[in-house]
Amino acid sequence: MRIDGRQNHQLRPVEISLNVQRYPEGSLLFRAGGTQILIAVSVEDGVRDFLRGSGLGWVTAEYAMHPRANKERQARDSRRGKIDGRVQEIQRLIGRALRAAVVPKQLGERTIVVDCDVLDADGGTRTACVTGGFIAMALALDPLCKDGTVGTGVLREAIAAISVGLVNDEVLLDLCYREDSSAEVDLNVVGTCTQGIVEVQGTSEDAPIPRAQFNALLDVALLGIPQLIDVQMATLKDANVNLTRLLAS
Amino acid sequence: MRIDGRQNHQLRPVEISLNVQRYPEGSLLFRAGGTQILIAVSVEDGVRDFLRGSGLGWVTAEYAMHPRANKERQARDSRRGKIDGRVQEIQRLIGRALRAAVVPKQLGERTIVVDCDVLDADGGTRTACVTGGFIAMALALDPLCKDGTVGTGVLREAIAAISVGLVNDEVLLDLCYREDSSAEVDLNVVGTCTQGIVEVQGTSEDAPIPRAQFNALLDVALLGIPQLIDVQMATLKDANVNLTRLLAS
Amino acid sequence: MRIDGRQNHQLRPVEISLNVQRYPEGSLLFRAGGTQILIAVSVEDGVRDFLRGSGLGWVTAEYAMHPRANKERQARDSRRGKIDGRVQEIQRLIGRALRAAVVPKQLGERTIVVDCDVLDADGGTRTACVTGGFIAMALALDPLCKDGTVGTGVLREAIAAISVGLVNDEVLLDLCYREDSSAEVDLNVVGTCTQGIVEVQGTSEDAPIPRAQFNALLDVALLGIPQLIDVQMATLKDANVNLTRLLAS
Amino acid sequence: MRIDGRQNHQLRPVEISLNVQRYPEGSLLFRAGGTQILIAVSVEDGVRDFLRGSGLGWVTAEYAMHPRANKERQARDSRRGKIDGRVQEIQRLIGRALRAAVVPKQLGERTIVVDCDVLDADGGTRTACVTGGFIAMALALDPLCKDGTVGTGVLREAIAAISVGLVNDEVLLDLCYREDSSAEVDLNVVGTCTQGIVEVQGTSEDAPIPRAQFNALLDVALLGIPQLIDVQMATLKDANVNLTRLLAS
Amino acid sequence: MRIDGRQNHQLRPVEISLNVQRYPEGSLLFRAGGTQILIAVSVEDGVRDFLRGSGLGWVTAEYAMHPRANKERQARDSRRGKIDGRVQEIQRLIGRALRAAVVPKQLGERTIVVDCDVLDADGGTRTACVTGGFIAMALALDPLCKDGTVGTGVLREAIAAISVGLVNDEVLLDLCYREDSSAEVDLNVVGTCTQGIVEVQGTSEDAPIPRAQFNALLDVALLGIPQLIDVQMATLKDANVNLTRLLAS
Amino acid sequence: MRIDGRQNHQLRPVEISLNVQRYPEGSLLFRAGGTQILIAVSVEDGVRDFLRGSGLGWVTAEYAMHPRANKERQARDSRRGKIDGRVQEIQRLIGRALRAAVVPKQLGERTIVVDCDVLDADGGTRTACVTGGFIAMALALDPLCKDGTVGTGVLREAIAAISVGLVNDEVLLDLCYREDSSAEVDLNVVGTCTQGIVEVQGTSEDAPIPRAQFNALLDVALLGIPQLIDVQMATLKDANVNLTRLLAS
């Protein structure tokens, strides 16, 4: 049995509080076990230079750690005057994943900025940002879709993300921090409810892993993702979001 | 009557959620009307060079705006690579005020860092940081006082802060953003329940104001502060903080 | 008697040398006791984005310490690559104070930049910048007022600033560095010759101070300010500045 | 047939010039088709704080684009004063991959720095850095292994990396820049000659891809890697590197 | 005899490999003894603000040290976040020198950027950048001169640069690093084949030097420069550059 | 005749005010025509790493432009967050020149920092910093030499610097800004009263200059320098500096 009593292929409980801030077009607090992230989605007119005049929209993400998201206080990036390499890598993954969930033509020349502020870090923060970020984007786009600002089907399909790892040769889904620290392999997967793959990013921390084990890890991740998409859909329905209008498929 | 239906000398309702983060020694969400601030207190061993060997502790604050604390999204300081001048000014005021609430000798060579992250800005953010910061410091110091890490009476006395302003020649307590924008004078006061003054910072935005009017503003602020200290005391009692042990007076 | 032989409510002698630089529209060296500041006023066409098209002018200040303004050499901000928090706080106060002395409509869409370089720091540098800055602004605006570039009455009224503090329970006016270091309270006041208040910024370094004592401090400051305004007026008259044309009141 | 006349699963020709710089412990110029990278390996005594006293070594990589590695000249990171997010992400991948090729205990408390300077970018730069970086590390460690500075078997096993992508629904190995620009999926794989997986990083640029297609991509990548390892081994043998002593397996 | 067996007034052997990169308009690897520099010339449309509308072109240079150009690895400027003072000084000299070789009117409103990356530093890097930079500029401008983009005679005349120094009271031409380290005087001279002087920059590291000795140093440098210009001309002829069209004299 | 009525080989009048700041060990205001520079010399214990334990001292200079040293206001380096390349080049020249005036062994492990703040720029600022910097160093070292902190003969010999240029084919000494702007050649020379050369830095802005003309320029500069050294000696004698003790020769 796992540190926190879960089965190997069991997700941590997810809790989502909507509209926790006044101003963002979409805002929520996403909790998965001990991980807690504040997500705020802004929809702004205009796009970067390379897309101007194309009629296409863009999605970008910013990821920041609260100084006390961890046991020891860490200096803010703003005080150190530069952005940490790990932060850069993570926010690029989140941006790519959420960009893949949007139909750029239906968005039009608008930029969606997804601000992810990690309040508590207990493993799986980047995947939580993707899963929660999709919900916050849907919240932000629903009224814009309703009033015709953005086109129907602006969201291609629901996506979610989860981590999976190998700990003592067992495949564990949704690693908490302590499990992650001792994992031989750590795989982050972004996917859809029909096992479509949006992004895979995995690293063996020790010995290279055989192909069969890699497949087993990917299998477990792709079984976890639809469960998270169920949570997304239930949350959005409770919030009276018109999913038929919003989703392309 | 005021925009939000309050009397001229009436505070906005205050709501405080304790322990919203896992790791900080003290953590809370402080709401005053539409203003919402996440406050996290860290207690770290050691002090800056100039205090080393003195046996005295130190308090410092960091203030940061969430990119969507306001209507328009603003770039993070970390992405602009430097800290805004207004932010510097505010966090220095918060640090000075909370430092005045601590007895350095009882704290010993420790540094209290008060992280203030503004999630929603609707006026009065710096005073909310002081008022909420005092509560979070008390939460953080209570167990350290209990186990003897810090001395009894490590907190000199309770302090709180409030803004007061002159709008259309009327003295208004606890300005919201729209009131603040049209105020002729804006005064921030940090004080105690016995009308002791810790810090006063006031600016006439337009014509200089007569001494009498300044006094009237200060009077109203000093009447508001004890009400906030009542809230602080009630909150800490509910949380079973031993105030007798913690407070010097 | 005080360290330097002054009475408690006595100002330090002020010396002002005008036009010490070739290019600034207004330039002077301001000495108050051991404090010495080089002040240069530039008047530039144009204003920041938020005022463009408004017909209104703007005033901003920059404050910098010479590396040997103090006993120990300090690194320049430019070499450390960022601006000190204390410097930010001070230059914002100077900017606000001098902005309050100008009638934005009469200035038109111009920006006054007041560069304050502290050559010797012996207490009271921020207030010296305000008092000297007003004179330098008048020097710079006089010819522009004469030739009609800016409107008559572009300066609302004379302002000056002074510090006042509590040392060993006595109220001392215009603290020098050594007095400032041991002051229990330090109050900076910007005001007019008719006791109008432009800005008040005061901090108790130790125990909170009672209202009565705060009032006593403010009283003494407001008695000092008119003496400084006398110096300003005498200096400007000696320089043949047409005050009737320049001042709105 | 492909733009450059290759078969779908065919690698670009690889050319390696050894010892192109005087001072690095290992140095080479790695060319794969139109991509050209200067790789320099430094072996330094000491490790970062978190490893001090552990007896373990560390590997880190820096990746930089020459301003004219592409058609348009790009500003250097050093002139822009910050490191590009893409650069951060890439150099972290290179560092992780090469770290996995080293046995930290045999390296001892030393740090290997792998400098990768892209002189010409024609796709596949990050994988070229990994493949060439392994050779340069072997060149650098061979004499240290010989004289006993580092332990035998300091390199766990040979690793190499390659990209694979889906272009017009066909699986192409080792994408050049033009192929990469139009790829629907881009997968970078770091692996061993026995199909062990060190790192997988793949992104669908458009629609999510089915599991079967992902598997096909991975298959092709894992067939390409052993061919690159053959090139590595041949190059090192020509350079008289003692692979038996150097490799743990 | 000198450390490396040369006569006092003898240059180190120069080797030049042309077109080592794909994209720059002119690119070469310049070796003089143990010094090795990668030079890339870009020709871009447009000039800085102060030249806009003048019809005149501009030349600028960037100089960067590879982290292992020296025995000890040095941090990249981009990682330290600022450009070294020595680097600034050197790249300004290179830019001035190569600017003097161009006829701005014939270049038209274009900017030539000369990127100099030092791969191995063994003395004389700044002069190597000037000598090699002239060749790379000629390579870049030849086709533009042919197709009429830039005017004929866009290069005023050939220039080259060399260092000369006083070591143990002997005048040595083209110092290597070890000689440079022990030189009493170090003089860098940029000149033409007719002993015209473009730039002289010399420093006595110890006692001031008499005028006669300074003259002797300059004499030797001016004899070395024409030999380097012979190498430049031979290299460009081998590359079929039309020097008659390119050179104004 | 020249713009300002001088003969071709005539210096501008020099005025020096000593001890204009309270704290620096040596401080003065140096005026040469319209150029005005505030120079402050600090003598600090300790040296940089590479000299620690050597028993030798060091000299370094910082050069900064006041924002209104020129007609148009320029942003401060500290606000732009980086140091201008021209500033870097100039302060390195000043540091090298003044370092050559000091006997490191007699200074002992101390660092002299020469702060040069240009208040008015009218040509020749870098040479004024050297000439004035020598005087300020002597002022600072005199009492330290007297009390035995530094050795006798800590200053090798007096040095001064001057610019010389070619304007309309005439050799002009000590160029003012307008002359400098139209000069074909600009040569800065640091030397001694016996025509010893410490540093020469010259650039032809247009066509390369013949050797004969270069010699003529250097001749004129070397005749100007002794006149400046006369001013230095007279100033120091007036200030009762013991030159016999201070100067090695």
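A, B, C, D, E and F label the chains in the order they appear, each numbered from 1.
Criterion: contacts are C-beta pairs under 8 Å (C-beta built on N, C-alpha and C of every residue); 3 or more make two chains touch, one makes a residue touch a chain.
These numbers come from a predicted model, not from an experiment.
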Handout entry: Centre-of-Cα separation between chain E and chain C, whole angstrom
Key = 52
Fill in the blank from the handout: Expected list for chain F, residues touching two or more other chains, is 81-83
Practice task
May I ask you to sort the chain touch graph into line, ring, star, complete or other?
Solution key: ring
Completion exercise
Each chain touches its two neighbours in the ring; listed from chain A on toward chain D, they are A, D, E, F, C, B
Exercise for the section: Please name which positions on chain D make contact with chain E in the complex. Expected result: 20-24, 27, 34, 36, 38, 40, 42, 44, 62, 64, 66-71, 73, 76-79, 81-83, 113, 115, 117, 119-120, 122
Practice task
Write out the stretch or stretches of chain D touching chain A in their complex.
Solution key: 82-83, 85-86, 88-89, 91-92, 96, 100, 156-157, 159, 187, 191-192, 195-211, 214-215, 218, 222
